[in-house]
Structure formats: structure tokens, C-alpha cells
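Order of writing sets the labels: A, B and C. Residues in every chain begin at 1.
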Amino acid sequence: MDLGQINPLLLLASLMVAATPILLAAIGEAVVEKSGVLNLGVEGMMITGAVVGFAIGVNTGSPAVGFVAAAAAGAALSMLFGVLVLYLMSNQVATGLGLTLFGLGLSSLIGKPYEGMKAPSMAKWDIPVLGDIPVLGPILFRHDPMVYVSLIIVAVTWYVLTRTRAGLILRGVGENHDAAHALGYKVVRVRLLAIAFGGACAGLGGAYVSLVRVPQWVEGMTAGAGWIALAIVVFASWRPWRVLLGAYLFGGITVLQLNLQAAGAAIPVEILAMSPYVVTILVLVVISLRGNHGAPGSLGRIFHATH
Amino acid sequence: MTGDTRHQNALLTLEGMTKAYPGVVANDQVSFSILPGEVHALLGENGAGKSTLVKMIYGLVKPDAGHMTLRGENFAPVNPAAARASGVTMVFQHFSLFDALSVAENISLGMDNPPERRALSARIREVSQAYGLPLDPGRTVGDLSAGERQRVEIIRCLLQDPKLLIMDEPTSVLTPQEVDILFETLRKLTAEGTAILYISHKLEEIRSLCEHATVLRLGKVVDTCDPREKSARQLAEMMVGDTLHVPFREAAEPGPVALSMSGVSMKSPTEFGTDLRNISLEVRKGEVLGVGGVAGNGQDELLAVLSGESRAQNGTITLAGTDIGAMPPNARRARGLLTAPEERLGHSAAPDMSLTENALLTGAVREKLVNRGFLRWHRTKDFARKIITEFDVRTPGPDNAAGSLSGGNLQKFVIGREVLQRPDVLVVNQPTWGVDASAAAAIRQSLLDLAQNGAAVVVISQDLDELMEISDRFTALNEGRLADPVPTQGLDVETIGLMMGGGETESAA
Amino acid sequence: MIHLEKRPQPSQFWAGFTPILAVIATMIAGGIMFWMLGKPPLEAIRTIFWDPLFHETFGPYSRPQLLVKAGPLILIAIGLSLGFRAGIWNIGAEGQYIMGAICGAGVGLAFYPSESVLIFPAMVLAGALGGWAWAMIPGLLKVKFGTNEILVSLMLVYVAENLLASVSQGLLKNPEGMGFPGSRNFRDFPAAYNTEIISGTGMHWGVAAAFVAVIFAYVLLTRHMLGFQVRLTGEAPRAARFAGVNPTRLILFCLGTSGALAGLAGLFEVSGPSGQVTIDFNSGYGFTAIIVAFLGRLHPIGILLAGLLMALTYIGGELAQLMLGLPAAAIQMFQGMLMFFLLAMDVLSHYRIRFNKTVPV
């Protein structure tokens, strides 16, 4: 093994790329959970976003159009979940699981003709001046636009949740839906919007995997990223900036193990490949040691307005 | 003032308000008027239709028929926001605060056009000072006491310059001293011309505060009066419709100590719960010990540590001489300590399970409903039937789900389930909460009978009248501490208030 | 305007009828999907639901397959249903299935080529233990630290898949396999082979175990205190603690049982129908079993029927793939749809639908 092959600069730069899909999915899910809904279908929405983004990207030749389509597909799929959970009051855990299973089937159905194709390439933004800063430049300022889009989404989410009335209403609905209803807020509508946002973000995250990260379509390619996103929301105590931290930490581990594999480390490939999942479990344990602080009060509970 | 002049000067007039739910007419042709600057009492038992009526006024429920006039104009709020825009606001009894949010955020959510954050905080401080309800806008609501939580709701309403303030059982969570402060605030408000629609079944309160009362029974207006001119008993009879049944018993000589707690401290298992601090207590056979206190001062935790849901340290709880501090619930039941928690749906009973299954829930050990792990369904069903018959539970049969029963009937079932197991010690929390008067009387009587037959009974309740009526000795929970019990006879309101936490209100006032 | 009104108690009739309704709705929606894929809808439905059982040429081959496929699904779903009833969400059965297969097969292969009659029972025990131990990880983490069992059990699926990849190319690789990945084939190892009990029916030891599990679960849930505690915990967790249910013990029981049953399913599969440990011998039964559990309404008899139905869609799907060129993924979607319709129609057993005229206010 030659650890010298691992360039720390490249490692840090690819960290942001590796973290982006999970970051997108996790920030969306954080908003959904803040509104009091637990959507376990992130993986299904991500994989659907991945295939739709890829297909549209290939057909139009434009990754940007692909991303938009992926967001729309993720949101559309999430509405299936939203209607079941909010209007038909189905169990959120079971419905989310169903969404994941459904999404996996749907994606492989859509994706069959696209197997083996290559994604249209996405130009990297070489941000002038900033990109030329030694060390920091290549790490922070030479990525594709989606990396920055994801950061903007995090910032906007933070701002909306903590500084605006819409965000306050969303948090109120998630904290105590009966009280929010008694004050005249439309619990179902707020939640439906949050779920759509979560779906769109998961779709974007999935499309990032198929259009940028890999970049091609492989069945089941999200490989549990949606579940890891769910874990990161818990890790982050439902706070946007901590979601960012969690996603980047996780991205770091992923990149490190890939680099170790490439460098031919003495550790078996399978052990390296399973490390992100093992680390996620360890992180969940550490988080649960601290207690469940910050979980929205109505998370996962069924809302039924009696009057 | 005659009906006509009331009508002409009215702030709000209701005419023929009717609302039916499947199987029950909640409001039937309800008509009355509220004058500006008046404290108007809406009086009635649980289930008389008070809540539905005010929900219609506040735009939460659409009436089936009837119409309302506010200051001479047609008033038909489609939602609470519309009601607030017209100057009608409401302080809820339950369910309207957000524990994890700050005071300012809570208040902001209750307003339609809240000012920007800093301005709002300043307004909150200002209004809370002006009305004698001190409150820090930055605190998390989940950490506030029940009285402080109510202030949040009241200030939320006051910031919107209401013309009509609806209050649903506002004093059920307050100490007597806090009630005095609240009444001061309300009087200031009415002096400024705000009308208050005051819902309560506490008669003394209504007599001292309200100028006019509308009495509801089974959804209909049965009477109106000036409560200041009536006695509490007269008001009660208007409400109930026939003469009250007061539980009867003979004072018995208290026997040996049945249950004792010494220095029990426990951290609350819930995030916004109250920790128990150094609780010591002795209950004797044949006596009823009343535990008063404002909601959220450790009642649930005290019950949990006695039921065995929470464990105490070894040696701190003894039952007839046996150390049971670390025992799980069923070991305690086997030794004769039975309990009934406050929340019926989901705690003392499983709503979607049948009454038979609910009989098994606590009866398994003492009624021998299990044989080497296997369930004896016939025996269990017989036990459920016995509860239904002996406690007059109105239900088609033991196969019906617990959740299909009315609150009063389910409570009779829960209390009956414990009483029929012949406990040596029975601990109940809020045995008659949300239960109609006749069921409440039956439940109280059964507790008294149990004590009469030699059991020790601990009644945790927020209803002081109830505790005065049935307990031999009285104590109160305040922030997880228990006062030294005193004989109920000759107890005055001042002392009770102090035991319930008067110290805190003095510093606040 | 339509609105929903909560029933005072769940409707028995609708609880039994909704799965049938969901199957019909899925057939209709599935037909539309097949039509959109350019396949004849009615023929596709017939190929999936009718031909595997009654077609002259395919029937005799595919009928035994019904039990072969239904066995593991039922076995896993029975275990999962206990946890789901109690609100304990083990969704990593796929991982426990893999670990059961690895452990069970490992024990067998360690004694190759012994002919002892004790080998197969030892493998069964090892398989159950493997699945049990893998499920104990989320179980212990949940009771010790309160860690979310959904996420942990799922993460462990990916870990198990990597372990499977590792052992099938390393530890358990067939030394006479000329370098190909995968273990020895159990067909060549009679003492360890999970053979058909009645030849030609597909009835192997795993299917028998599934039937035993159905009966066991039925008695547990209707006649035993432990089953009552499982149901009570799911219906009202606070009431369960009040009734003296020990949540720690219950969590470990539910997760352990479901893990052991999934492990058994894995062992029976790898030592029988699949025949060898390969990198991809697992075919997602652990996930499909979740649908089976819900389709069977978490009731043992329901799960038995649902398992058979789901097995039918597998076999029928393969047949439709062969005959009509229907993509394999279409069947996966079909199963997902079934789950959705089922969840959607569940509303009927808990709520009444009311059509009321809007009242002028």
C-alpha cells in the first residue's frame, strides 16, 4: 500500500462531492421531520430522482434539465406518500418503507434502457480569483454548480426555519399539531408542502449520484444513501447547519475509504466498503447516548382533525 | 336588565345555534347575548355542550344552524383567524402551546400580524407588566409552570386588543393565589370594555367573578341568572337538573400504616416532566389521603413511582412492611398495591382493545387470569362482565373497544377494575376528570366504600372540592415536593394555597 | 364534501376485506402499467396469477415453486409481524437472512464431507443463531442506548452484503471451484442438503418450518400472555408499561425472534433451492417479506395467504418475463403498488367515510 498516493487536497475536494447527495436528501428530510412527518422513503425518492435525472439529462443533453426533472420526480413520488399519510392516515413507517420498495422497482423499470450510457458532463465552475487561492481554492471553489446549490439550499432552509414566519409555522405544526390546528393553521397543507420539498431535495440528491458522482445509471446505485441521510438528520438534531456538518463528515469517511481501496490498503475491500454503514451505526449510538433532544413533538404521529 | 335591552346593547348575540354530531346533539337552539365589559359565565357539566359552543364562536366548528351577530353585524367566522380579526380571541384549556418553542414564538404563532421579533418581545414585557402577569419572552414554554403557561396564552390574546375574550376552564391549573391574580387581570380588562365569556363548573369562582350566567344542560340553555344573587347550591342544581348526591360515609378509626414512602427522589422520565424531590408519606388502612396540587407538579411521576412504572431506590417505599421500591408493577399488584393513572386512553386502558382485554391489563395477577403463560379468556371475560355490572358501565358488552366508551363510563370501568381486585392500597390520579357528575359521584362513593372496608386510598386530584369532600387528610404537590399532610377538617383556603405553592406566587405578584 | 370519521372500534369486516380489495386494485393499476409498457394487460395478469398454477405446460414445473418461494417469505414475515405489532421496526431482515445463511452454511461446510445425520440440525441451529445474533445488534443498541432500530437494522443489511461478498470469495469459497466465487454446492453434500420432504411438491424443511411458525405465532398471539403483551405494546405503549410489560425484554424477544426466523429462512434457502453461498444468492426476500407481513395484516393466517400470493407474483413474474418480455422490475413495482393500495385502504377499517352537504354558516 502506498499512502503517498492519497493527496490530501484532492481528498478534501472530493469530500464535498461525495457528501452532496446525502446533504441534499438530509436537508429535505430535516424539513419534513420538522413539520412532524417521518418519511422513510428517502431512498426510494433518491433512486427515482437518480434515474429520472439521468434519463432526462441524457435525452436533452443538459444536466441542468435533468436536475429539474429529478426534483419534480422526487416531489411527485413524495406526494404519493403525502396523500397516504396525511389524507388516508396510514402508518408513516410502513408507508415510507413502501415508498422505498416502490421507488426501487420504478427506477429499475425506467432505467433498463439507460444502462451503460454515460451522463452528459457537467461543467465545473472554476470560480475566478477564489479558485486560484492556494490550498483553499481547489478544495472549495472548483466544483460543479450543484455543490453550491446544495449549500445555498442549506442556508436558505436555515434562514426560513429560524427567521421567518413560514418557518415558525412549520415548526409549530411539527411540535404540536393539535395546537397549530386550534390556532387555525392548515396542518395538512403545511405538511404536504414540506413533504414535497423533501421529495424534491431527495430527487436532486439522487440525480447528483447518477449525473455527477458516478456518472452513469446503475440499478440500486444510491446504495443506502437515503437511509444514511435519515441517520444524519437524527445526528444533526434537526438543525440545518449540523446536517451540513454530518453530511460532510460522512462524505469524508466515504472518500477516505475509497482512497484507501484505490491505494491498495492491506484492509480487505469489503471491510472498507462496509465502513460507512458501520460508522453510521456508531454515530447513531453516540447520538442516542445524548438523548433524543430536539425531536419535533408530533414526529410520526397521525393527525386527524376531529372538528 | 331585561332580555330586550341586553339584546340591543349586546356585543355578541347568538341565535338558535345548533350543532349535531353522530349520535349526539351538542348544541340545540342556543341563544344568548354578551354585553361589552361583562364577565359572562357559561355554566354546565362536562358534556353539556360548552366546548362546542365556544368553538363555533371561535370559528373552529361550523354550526349546523343558527347565526351570530357581533356589534350589530353578521358574524360567521370561517376559521379562528377570521374570529381574531373580528376581535374574538380564546384561551384554551389544553393543546395550544408548543413546548419546544419560546414564549415569544408561541405568542407570535397566535397572532395574525405579529410585529418583528424584538418589537414583539418588548410588547410582551410591556403588556405582561401592565396586567400583572410577569413573563420572560425568551424562555422555552416547556420549562414553564402551569400558571406561567396560561399567562402565555392570555398575553397572546391581549396583544390583539380583543373585544371578546373566551376562557375555557382557566383556573383548573392554578393555585388559589394565582386565581386571585388572574381575576385582578380580568377585572382590569373588563374595566377597559372587553367582554369575557367564562367557562367553568367551579361555582364559587363564578359567583365571585361573573355578572351574568347562561346555564347549559344537554346542549340546551336551561336558565340564565345573575350568579352573584344565587348560592352555589342553587347554581349546581340549575346545572345538574336534580338534587346533588353527596357521598356519604362514616369516619373510621385509621388502622396501621399500609404504605409508606421515605425520601423518594426521582428524575422525571419525560423531557418536560417534573422531578420528584424527597417525598415522604404514610397512608393508613381505612383512610383516604387527598393529594392536591396544580397540574404538572409531579402528579404523573408520583403515580408512576407507586405503580412501578418508575422504580425507586431500595428501601424507600414499603407496603405493609415489605420493601417494594425496586419491584415491577405486577409484583406490586400481587402484594396488594393497585393504581389508576390519570390518562384513560392509552395509559390506564388501551383504546382499540376490547374491555375483556382491558380487564386483563391489570387483572392478570390478582384475578388469576393467566395459567402458566396461557390466557384464560373465559375467566377474563367474566371479570370484565363483573366490572361492567357492578360499576354500571354503559356498553353493549365486554367485546366492545374501550375507546368506544364515553369518558365517564371508561373511567368507571378503570376504577371498577382496580376496586374489584380488593386492593390493600389504591392510588388514583384524577379519578373524576372529565366525567359527568353522576359518574363522578359513583366513583367517589366507591373509593369511600373501599376505605370503609379497610383499604388505604390515595387520591391525587386537581379538584379541591373533590378532595375536601372525600379525604381524611390533605397534602399537596408543588414542584415535585410533597407538603406534610394535615387533617382535612377545618382546613382553610389560605393554607391549601400555601401548600400548593403560594410562596411562588407571592414573589411573582 | 367528504370527510373521515374515526370509528369507535376498528371494523372487523373491513380489516378482512381490504387486502382483497387491494389485490384487485393492484391488478387494475398493474394492468394499466403493463399496457403502458406495451404489453397486453389481461394476458399479463393471467400469466402472473393463473398460468403458474393451471397452465398445462408450465403448471407442473411452477406449482412446486410456489411453496419454495412462499416458505422463506412466510417464515420471515411471521417474525417481522411480531415486532411490527409491538411497534418495533426490524427492517433489516435481509441482513439477518444473509447472516443466517452464512453461519448455517459455514457450519455445514466445515464438516464436509461428513455424512453424520447431526450436520443438518447443527446447520439449522447455526442459521437461527446467526440471524438472531445479527438482530440482537439493533436490539441491544436500542435497549442500552435507545438507538433507532430502523436505521441500525437497515445499515446492517449493507454490512451483511459486504460480508457475504467477502466469504463467498474467501472463507467459504469452494476449494475445488477452479477459482470461481461461491461455496461448494450443497447438492453434492447430501448430509447437509435441505431436501424436499415430499418429492415434487417443493415442500422442503424450510416450508415445514414456515407452517410451524404460523401455528406458533397464532397460538402466541391469541392464547399467550407474551402475545398479549406484544399486541398491547403496539396498541398503547404506556398502557403496556403500566400493565407490567418489560419493554427491554419485549424488544429483545421481538427482534431476536424475527432475526432467528430470517436466519432460518436464509439457511434453508442456501442449503436447498439456491444450493450454494454466492455473492448474490439473496434475492430480496427480507424486503418483500415486509410487504407480506402488511398484506397479511400482521396476522399469522393472513401472512400465510399473503406469502403464497406474493410467491405467485414472483413465479408469475418470471413466467411473464419469459413469455411476454415483461421486465423483472415491473413485478417489483407491482409488489410496491400492492403495499400502497393496502395502506391506502386501511383507512376504511379505522374510519368511516362521510359525505355531508356543506352547511351555510
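In this section, a residue touches a chain if its C-beta (ideal position, glycine included) is under 8 Å from a C-beta of that chain, and two chains touch if they have at least 3 such contacts.
Values in this document were obtained by computation on a predicted structure and should not be read as measured data.
For the pairs A-C and B-C, the count of C-beta pairs in contact is higher at A-C. Ranking every chain by how far its Cα centroid lies from the centroid of chain A, the top place goes to B. Chain A and chain B, compared by their mean Cα positions, are separated by 45 Å.
Here the CA centre of chain A is 28 Å from the CA centre of chain C. Centre-to-centre separation of chain B and chain C, using mean CA positions: 47 Å. Chain contact summary for the complex, chain C toward chain A: residues 4, 6, 84, 89, 91, 137, 141, 145-148, 150-152, 154-159, 162-163, 165-166, 170, 287, 290-291, 294, 327-337, 339-340, 343-344, 346-347, 350-351.
Of all residues in chain B, only 22, 62-65, 67, 76, 78, 307-309, 328-330, 333, 339, 341, 343, 346-353, 357, 360-362, 364, 370, 373-375, 400-401, 403-404 touch chain C in the complex they form. Residues 40, 80, 84, 88-91, 93-95, 97-98, 101-109, 112, 223-224, 227-228, 230-231, 234, 268, 270-271, 273-274, 277-278, 280-281, 284-285, 287-289, 291-292, 304, 306 of chain A touch chain C in their complex.
If you check the complex, the residues on chain B that touch chain A are 55, 59-61, 79-81, 84, 92, 95-101, 105, 108-110, 114, 271.
By the touch rule above, chain A contacts chain B in their complex via residues 165, 168-169, 171-172, 175-176, 178-180, 182-185, 293-294, 296-297, 307.
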